[in-house]
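Listed after this line are the structures, all set down as C-alpha cells.
Below, subunit A partners subunit B and then partners subunit C, in two separate complexes.
Moving on to the complex of A and B:
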C-alpha cells in the first residue's frame, strides 16, 4: 500500500465567530524565497531562527525614495537613521547608495566613524550628547543639532576649548496638526522659544546657526503634517535670515515616514492607509517652493529610517511544539520570541508559510519560546495544521527590531543578508555565553568552589 | 461517548444529534474518531496511522492525545 501524505487530525466546531475556520484555506500565504534564495535552504545551512535582509530590496527602496525627492527638489541629501537598524552591513548599503549617517548618541557616532564615515557626513541628534562627544563631533565637523539651552552652553564651552566658531543647527518642535504632538525634542516654534534660542546663539557669538531640524513623529499616516512642518520651518528660516542675520544652509525635516506594516487598531490594510513616498515628497517639496523667499534654496535633509528598511527584513522561525489550549485554540510554540520582535507591540505582522500545507484551517495563536506569558507573536491567526519544523516567515521586521531586541532568556540568532547577486552572507553571528558574560564580574568571595 | 453518535459524511461534515452542534474535520480526524468509537487503544491508532501515512508512530501518538483533548473540550469525549 502506498504511503499517503499525513495531515494532522483536525476538528473544528462550526461557529459564526470563526466563520472562516474549518474549511480548506482558500489562499495560504506562502513565501518560499527571499532575494531569490530558498528560505528552507538558508535555515538548513544557518539554523533557526534567522533574521534575513534582502539587499536588492533595500537598494530599490532607497533609490525610489531618493528619486521621489530629487526629481522634485534637486538639492536633497538622505541621512541613514542608525537607530532604526545599525547593523554594519545595512548601514554600509545605505552609505554606498549615498546616504550620510544620522546618529543620536555617542555610541552611534562611534559606530559610524568606525564604519568609515567622516565627521562631516554625520548628523548628530539626540537629547543628550555627552560633553566629550560634542568636542569630538565639533573637531570632526559633524552636523550638531542642538536640543536644549544647556547644550548651547556646552557647545560654547567647546568653541572656547577649540578656539573656533562651531557651525550648528537647532532642533524644533511644533504643532503640525497630528496627535500626539512631539514636543520634547528641541525648541518650540509657536511659543517663540525657537527664536529665543536663535537669538541666544547669536548673542553668544561662538556658534553659527547653519541649519534647522525637526522630527515631528513616527509612522506618520498623514503626509500633510510634513507640509505644515516644512512651511513652519521655512518661515522660521526666512525670519532668522532677515532678523538675526544667520544664513541657513539646510533644513532637515527628520523622518517618520510609515512602512507597509499593519498597525494594531487600524482596520484597513497598509496598502490603503500608508501614504506613498511621492505623497510625502510632494508635501515637503511643495512647501519649500511655496515659502522660500530668497534666491538660495537650502539643502533638504531627510532622516527616513523605517520606510527604507522595514520591508527588506524578515524573521524566519520554526515550529518546535504545538498543543490544544483550554479554549480549544491551538498554540504553536516557535523558536523566536517577542524579545526579538520589539515592534510586535504595535504591529500585526504578515505571517507566511514556506510550503503549501493541505488540510482545513484552524484558529491558532503563535507563542515564542520565552517562559513568559507575554510571549505572543500572534494571538489569533488561521493556519492549517503545522508540523514540527514547519517554518513561519514574519515580516516586515527590518526596522527597530535589530536595534531594540533584547538578550533575554535566549541567545539572539544569526542575521543574514541575501546580496544583490544572490549570495548569502552572514552579517551577525549568533550569540554565545561569552558574549553575555564577558562584562560580568563575580566578586572573589562569591565564587563557588 | 457522544462520538459514537456523531454523524460524519464523506465531505468531513459532522453532526452531533445530542447537542445539535456541527463540526468539520479532516480524513485523519475521521479515522481516529471511528477507532475511538470502536474502543481502539491510542497506541494502536498511532501505529495504524504510521503504517498508512508518512508519519512516525511517536508523532502520531502525540497527535491522537492532542486530538482527544480537543474532543473533550468540544464535549464529544468524557
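Moving on to the complex of A and C:
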C-alpha cells in the first residue's frame, strides 16, 4: 500500500448536501462520450490532451441554421468563416453541406483553393488584401469585398491589368444600436461614406458593384441589431440601384451569432441570454421582406462561424498534479493551457468530468502547464477531489481556438473528429520538434560544436 | 427635313394600307401570307370586272376609314377590309362596272365596314369571330335591293373574258371541286380553283386535306339525301363545305382527330343549311353566299367557347401547323389548360396532403395541398411537439403564390394548442387572392394577426403575405393552399399545378408533387436574372462555326411587339424568336421565321433556363417537330402530329451547373446533343447544337 503524501490540513467552507432554502446543490457535470464514442477510450488511444470535434453535431447545427433561414427567405447562401476554424476536415464538412468559403487573408484564400474550392465560391474579406492576392482573386472570380478607398484604387489597377471589369462588393459599417460599433471596417453608411464609395466605383467605370457586406460585431446577444443592420443595408441597396444603377445581387449580413457559451461577466446562463437561430433568422428576413421593393430578392449571404462550430468542439485534458493553495482552494494542474484556449479570455467554459466521483465538491482552480501566472482555465469551480489522470472535458471550444492557439512551450496536441458513423479520425497530428524548427535557420557561426 | 418626315409617314401609311389589302385577299382562303395575297389579287383579274369591283370596295373603305380618322394600324391585319372586299367582288360578279355600279360599291362597302365593326364589337364580348357574316348580310341586302334597280347592267348578260376557259376534259367530280374553290373568290373556274388549291396546299397540308375531305364529305351527304350525285356536285354552294371544314378542322380548333371529326360534323350541318337557305334565298334571286358557313362555324365556336373546349385555338398562328405546334408546346411545356401557381413558401417543405387525399382533401375540396416542414427523421417538430412553437412550420413566412389582388383576408382566429382544432372556423385565418386567369387562390390556417397584406392590396408572386399558423381545423401548423372557382370561402376547388419547384437536383415545371415528397422553392438568382434582362434595341453579334470552321456570322436585336408587348430577338432577316422571363425562369416560347435562321438553334439548344445559382440542376422540356426540324421534314411531321401528337413530341433533358448548360433531345433512335455557355455579363456566350457552334463576337 502506497503511503499517502502528507498535506497540511486546512479549513474551508463547503456547501453541504443540505443546502440553504432548498436550493439544490450543483450536480457533478459528467460527459462520458462525444459523438457516441467514449472519451476515456479516445484518450487511451491518442493521448492527452486532445481536441475532439463531433461531425454529426456540426452537420446538425449547420442544417438547422440553413433551414431557419431558407424556410424564411428563398435565396440563402452560407459562407464558412475560415478564421473561426480552418482545419481542413472541419471546412470540408461545411463545404459538403453546401457552404462556400469566407476568407480574410491571402493565406486563408490559398487554403480554400488548396482544399478544392473554386475562386467563385470564395468571399474575400478583410482590411488588407495584398495586391497580388487581389489579382489572383479577380482572375479566379472570387467575391471581393472592398474595405477601403485605397482598395478601390488597387482593384481598378487590377482591372486594367486583366483588361476586364471586376464584380465587387463593399463592406459597410453602421450604427445598429450596439456597443462597440465596429466602425473601423468598410465604409460608414450614416456619414454618406458608403454612397461616396459607390459613386467612386461608378465613376471609375472599371468595377461593377454587385454586393453589399457588413459585419456588425461578434457574439451578438441582441437579434434586433441584425434587423437594424439588414434594414439599413437594403435601404442602401434600393438607393444604389435607383440612383447609381448598379444591380445589387447579394447582401452579406456577416456573422457574429452567439454560441451557447458562457460569457464572463454575464450572470445568466447562455440558454437564457443567447438568441436562437430562429430569432436571428426572423430579425434578418423580416427586415428583408419589409424593405425590398417588389419580389426581386437578392441572395442573402451569412458568414456565421462561431454559432456553427463552437459547440461541436471539446478539449479533453488530464490532471497531472494537484495542490492546495494558500487560500485553501484546491489547484489542479492540467496538461492543456490557455495557449490552446484563446477564447478563455471571454468565456467561462463548461467543464465536465468523464466519470462520477464520490465526495463533496470543493472550490478549485484549474491551471494549465504553462510556466506563467496567467495560465488559468477556471479560477473558481466546484469539483470533487480529483486524482492524477482524471480527465476534464472543456467546451464549447470549437470556434477560434484552433486558429488562434499558440505554440508556446509545448507541442500543440492532436485533433480528432468523431465521424457521423462513430469512427474516430485523426485530423491533425501532434506537433513535433521538426514542425517548429524547420523554418528556422541557424547561422553557420552560431552552430554549436 | 419636315417634308421628308411627312413623306416617310405617308409612305408608311400607304404601306400599311397595301399590306392590309393583300392580307384581306389571303384571309379569304384563311391564309396569312401577303405574298399569296398578291397572287390572289392578280388571279382575280381573270375576271377584271370582279377584280376591279373588289379593289374598289377596299379603296372606298380605306377612304372612309381615313375620313373618320381611324388609326391605320387597325386596318393592317386586313380583318376589317376582308368583308368589304368580298362585297365589292360580289357586286362585280353580278353587275357590269359603270358609274352607277361604282356608286353602289361605295355605299355597300362602307355599309359592310360599319356592319363589320358593329358585329365584331358585339361578338367580341363572347370572344368569337364574325368570319364573313357581314359580307353574307350586306351582299344579300345589295342583291335584294338591286331587284328594283333596272339601271344596273347584269354582268352575266355580257361576255366573260375567255381567259383560261380551256377545253381539256376534266371529270365532273374533279372539276366541281376546283370550281368550288374558285367560287370562294367569285371565280368559278377550274384553273383558278387549281391555282388556289395549290396556294392552300403550299400554305398548309392540313388545310388542303380538309378542303378535299370537307368538300367530298358534304357532297356525299348531300347526294345521300337528294339521291343524285351529279346534282350534288353541281351545287354552286359546295364551297361552304370547304370553308366549314378548314375553319373548324384547322383554324379555330387545334388540328387533330377530334377537330377533324368536328369539322365533318360541321360539314354535315352546313349541307342542311345550304339547302334550306337556298330555297328562301332563291325565291328572291339571292345567292346563298357564305351564310351556311358562317351560321355553322359561329354556332360551333360559340358553344365550344362556352364549354371551354380544350382544343379551342386560343392563339391562332399563321398556319394550322403552327397553331398546333404552339398549342402542343403550351400544353406540354406550360400546362396552359390548368392554373399554375407558385409555391407559397421558401425552403424545403414536405407534402402532407395532396389532391384527393385521405383526410380533408375530398369532395368539393379535393384539389388542395398541405405543406409542413420535416427534419431528416421525418418529424415535423422538435422537442416534445406539444406546442405550436415546436413545429418547424410555425410562424414561417407564407409567400404569395400568384400576382393578384387580395380579395378576402381574415386574421383574428387564434392558433390552436396542439391537440385541439377549431371545428367552427374550419379555415382559420385565411387569404383569398385573385389570379389573372379568373380563378382564386386560398391559403389558410395562417398565424393569428400575421397578415402582412389587407383586402384590396395588390401582391406580387413571391412577396411575403403572412406567417404559417395553426388556426382553424388544423392538427398541426401547416400551409393549406387551393385554387377555387369563386372568391367565397369553401368554394369548389379546381385542379392546379406549381409553376416550378425543386426535388433534390431536379426542377419540375408546371407539375404536382406527390404525397410525402420533399420539395423546395427557388427564386431567381439576381446575378443570373440580370444576365437575362434585356434592353430594347441592344444588339448581340455571333459567329457561326461548323466543325470548328467559321462559316457565317449574324447579329440579333432585342425588339418588342408594339401590340402585345411581347419581347423577341430578331435577326437581320426579320426572323423572330420570342422569349419571356417569369419569376426565375427565362424561356423561349415561339419562333416565327425561316428554318435557316440560327435563332432557331437558340430555341433548340436551351428552350428554358431556370435562373438558379451555381448548383447543379436538371430539368425536362418538350419540343415539337416545327422547332427541331426544318423544311419538308418539319411539315410532314407536323401534319402527322395532328393525328398522333404525342409520338411527334421530342423530350429532352437539360442540366445546368454554374454557367454551363448541356442538353440532350431524344429523337426516335437518335439524340441531339446541345450545350450553352452563359456569358459572364449578359446572355449566351456560346451555343452548340450538334456540330454547329455559335459564339458571341465581342
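Things to note:
The rule we apply is simple: the second predicted complex is superposed on the first by the 421 of 449 C-alpha atoms of A that agree within 3 Å, B and C clash if a C-alpha of one lies under 4 Å from a C-alpha of the other, contacts with A are read in each partner's own complex, and residues count from 1 in each chain.
The criterion applied here is as follows: a contact is a pair of C-beta atoms (placed from the backbone, for glycine too) under 8 Å apart; a residue touches a chain by one contact, two chains touch by 3 or more.
Small disclaimer: the values here were computed from a predicted structure and weren't measured.
Look at A:88: by the touch rule set out above, it reaches neither subunit B nor subunit C. Within the superposed three-chain model, A:297 lies in touch with subunit C and out of touch with subunit B [touch as defined at top]. Legend: residue contacts after superposition of the two complexes on their common chain; A:355 is shown touching neither subunit B nor subunit C. Of the two partner chains placed by superposition, only subunit B is touched by A:326; subunit C is not. Of the two partner chains, subunit C is the only one touched by A:71; subunit B is not. Applying the stated contact rule after C-alpha superposition, one finds that A:9 touches subunit B and leaves subunit C untouched.
By the touch criterion defined above, A:247 lies against subunit C but remains apart from subunit B after alignment on the C-alpha atoms of chain A. Residue ranges of subunit A in contact with subunit C, taken from their complex: 63, 67, 70-75, 77, 98, 120-121, 165, 210, 247-250, 282, 285, 289, 294-299. Residues of subunit C touching subunit A in their complex: 345-349, 373, 376, 392-393, 395-397, 399, 452, 460-464, 520-527, 529-530, 583, 613-615, 658, 681.
Across the complex, subunit B is touched by residues 1, 3-14, 22-23, 322-324, 326-328, 359-360, 387-388 of subunit A. Across the interface of their complex, subunit A is touched by residues 12, 14, 21-29, 31-33, 49, 52-55, 59-60, 63-64, 66-67, 69-71, 73-74 of subunit B.
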